[in-house]
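Paired with chain B in one complex and with chain C in the other, chain A is shared by the two complexes that follow.
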Partner chain A sequence: MKTYCAIIADDEPLALRRLEIGLARLPDIEIVGAARDGNEASALIGALSPDIVILDIEMTGANGLRVCETIPPALRPAVVLVTAHRDFALDAFDLGVTDYLLKPFALSRLDEAIARCRAHCDRRSCS
Partner chain B sequence: MSVTAARQVFIFTCALWLTEFLVISAQDWAEGFHRPNGLADLGLFCVEGMVLCTVVGAALGTLERRPLRLQILVGGILIAMALIVSGFLADLNIQYLPMGPVVTTPLWLRILVHVGFSVWLYLAWAAIYFALVLNRRAMEHARRAAAANASALEAQNSMLRYQINPHFLFNTLNGLSTLILDGQNALAEKVVISMSRFMRHSLAYAPLDRIALRDEIEAQELYLSIEQVRFGDRVTFEIDVPGAAQSALVPNLILQPLVENAIKHAVTTTTRPVNVRLQVRIAGAFLELEVTDSGGGALPSSAGFGVGLKNTRQRLEALFGAQASLDCESLAPGFRAAIRLPLEFRAP
Partner chain C sequence: MFVTAHRDFALDAFDLGVTDYLLKPFALSRLDEAIARCRAHCDRTDFEPTAQNGKDDARWLQALWCLDRGRRLRVAVSDILWIGGERDYARLHTSKSTYLWRGALSSLGAGLDPSLFVRVHRSAIVRIAAIDEFRVARSGGLQLSIAGSRVPVSRQHAAALRTRLSGG
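Up next, the complex of A and B:
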């Protein structure tokens, strides 16, 4: 089975924990790094070249949208933004993210986002 | 005095003296009376009166912002002086116009006759002048009251937003669902109870209602304890309220924007643990409420920061006028916001 490497970032420990619990249910997803602020997330992405990045928008340091902009184009990971704000949706789609989750999200909705990420990664490896 | 007000005074002054001229000449005509110099002495009398009143009006205009009593006192003196001057001028007109009568009565008596003739006109002028002043004041007062009302309403509307901050609500629910998934039932239970009590505080009172400080502090304590669950070891808080201030009255959730700002900015500017300190002091006839955080300082550009402080200012302004204030400063590191408002207790 193909596995996908994921990096998750949120400045709230409980929100991070929720992502961990959610992704642990999916055998093909491996969390390779968890960041608690934006700068740490950028560093991890640069160092680990993940397939999937799940970012909170409102974070210490660089916010999720900024982190998204700093991802080197060559990596092209699938990006999922997570936020309690509905207002960021347009910005998020401008950045070409794969999915956008509103907190609190149901785990089934997370599964849906991950399915889109898998599709994104598979397309990427074909091209 | 504003240009409109000055024009108003000039117009009614001209109108008054023109009316005087027309009424007296009509009266002459009706009575078949012919003045020795035609209408020249009457015309001169009216023009002089108009000039004198305009001068008095301009002088009084400079006192527009001063107390009404002072304006009336100065107005009375100026009008009396103008009246005497007009008496002298009228006497000169009559003596020096070519067909003037031969004058035999003493000067003071002649002046007295002129003054007696024109005193009502000058009093009427003063009455109209002060009626206009009072009218302007009433209009200004109404305008200011309307502005205060509008700002109170605006503060009320923006306050409604604070009653349930959706961002806070959804992030807390997100954390709560994690606690449930994670089987941390006791903590989940605690968050649900804290959240319910905090929401009750927000919903039980109208935005401009005043509540006892102890209730306000309880609401902030609940809020901070929920944020502590969300941010874990990154947030600590201290609350220091003297016993004597516990039952003082404060506007409901007046501290909410400040505490929210402290959390938001402390937590978004630094990854090290931040302390939020809420301190209350009684300073003479005032109550001082101070929120300090040890975060990375203010981000003036960040959205929502200025809005919270602006709302707080508006609410204080609407409730207390100039009696209350909100002062903010950046610390190194951190931020401090302090509210000062009149110390009041509920009437027993």
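Up next, the complex of A and C:
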């Protein structure tokens, strides 16, 4: 079984916990880092080269969109933005993110986002 | 791809899984980018049936993420010559280097294609095709040689290994 390394970032501990619980149900997803603000997220992404990055948008430090912009192009992880606001979805498309989850989201919608991330990663590795 | 003068459908577009969303008026460079994403999407669709045809491959591990001074390195299973157990870790030996994988040897063994790998000892799994030599050591025990490394064979696993080697 292929495994995918994920980094999650949210400044709300409960939201971070919900992501951890959601991802723990998926045996091929391994959380290698959890960040509590945008700057920490950027540092973890640079250090750990994850396959998947799940970012809250409204975080202290750099916000999720800014974090996304600063990911080195060579890493090309699948990025999922998570937010309570609809208004960033257009920016998210412009940034080329893999998915956009509106809080509160159903776990089935998280599973769908992860399925898209797997497809992104598999495409990346075969290109 | 959606093309529209309205920002408000972008969230719905994500839920529908569309490849891109262009807001009118858009620059031609942005259209080019959208088309690049469409190409990548189509190439992926082409690739999927192949992956399904190779169902046997999907059952077995293709790569392992290993610890390396704070980083994680991807080690392709096809590069692994043999694996030694070290308490809670497994050491993957390739022709270039060795890598530590966090997890028990037994759980790793369950994910490896048994037509390619065989358990020879409580603390060793080897790639059958990588075995250079199989002999009785001075101690009387059995020993393998793989790319210059000596790997012990336990009495318990020796008979099964002999059968595998004579069979192929």
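Definition applied: the second predicted complex is superposed on the first by the 127 of 127 C-alpha atoms of A that agree within 3 Å, B and C clash if a C-alpha of one lies under 4 Å from a C-alpha of the other, contacts with A are read in each partner's own complex, and residues count from 1 in each chain.
Assume a contact is a pair of C-beta atoms (placed from the backbone, for glycine too) under 8 Å apart; a residue touches a chain by one contact, two chains touch by 3 or more.
Nothing here was measured: the structure is a model prediction, and the numbers come from that model.
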| item | value |
| --- | --- |
| Superposed partners chain B and chain C on chain A - clash or fit | fit |
| First (chain B), second (chain C), both or neither touched by A:Ala89 | second |
| Which of chain B and chain C A:Arg66 touches, first, second, both or neither | neither |
| First, second, both or neither for A:Asp37, with chain B first and chain C second | first |
| Which of chain B and chain C A:Leu102 touches, first, second, both or neither | both |
| More chain A residues in contact - chain B or chain C | C |
| Partner chain in contact with A:Leu14 - chain B first, chain C second, else both or neither | first |
| Chain B versus chain C as contact partner of A:Arg76, first or second or both or neither | neither |
| Least Cα gap, in Å, left between chain B and chain C after the two complexes are fitted on chain A | 15 |
| Chain A positions touched by chain B in one structure and by chain C in the second | 102 |
| Residues of chain B defined as touching chain A within the complex | 166-167, 170-171, 173-179, 181-182, 229-232, 234, 267-271 |
| Residues on chain C engaged by chain A in the complex (per definition of touch) | 7-8, 10-11, 13-15, 17, 20-21, 23, 30, 33, 37, 40, 43-44, 47, 51, 61-65, 70-72, 111 |
| Partner chain B, residues of chain A touching it in the complex | 11-15, 17-18, 21, 36-37, 58-61, 84-85, 102-105, 107 |
| Touching residues (chain side chain A, partner chain C) in the complex | 1-3, 5, 30, 32, 47-49, 86-87, 89-90, 92-94, 96, 99-100, 102, 109, 112, 116, 119, 122-123, 126-127 |
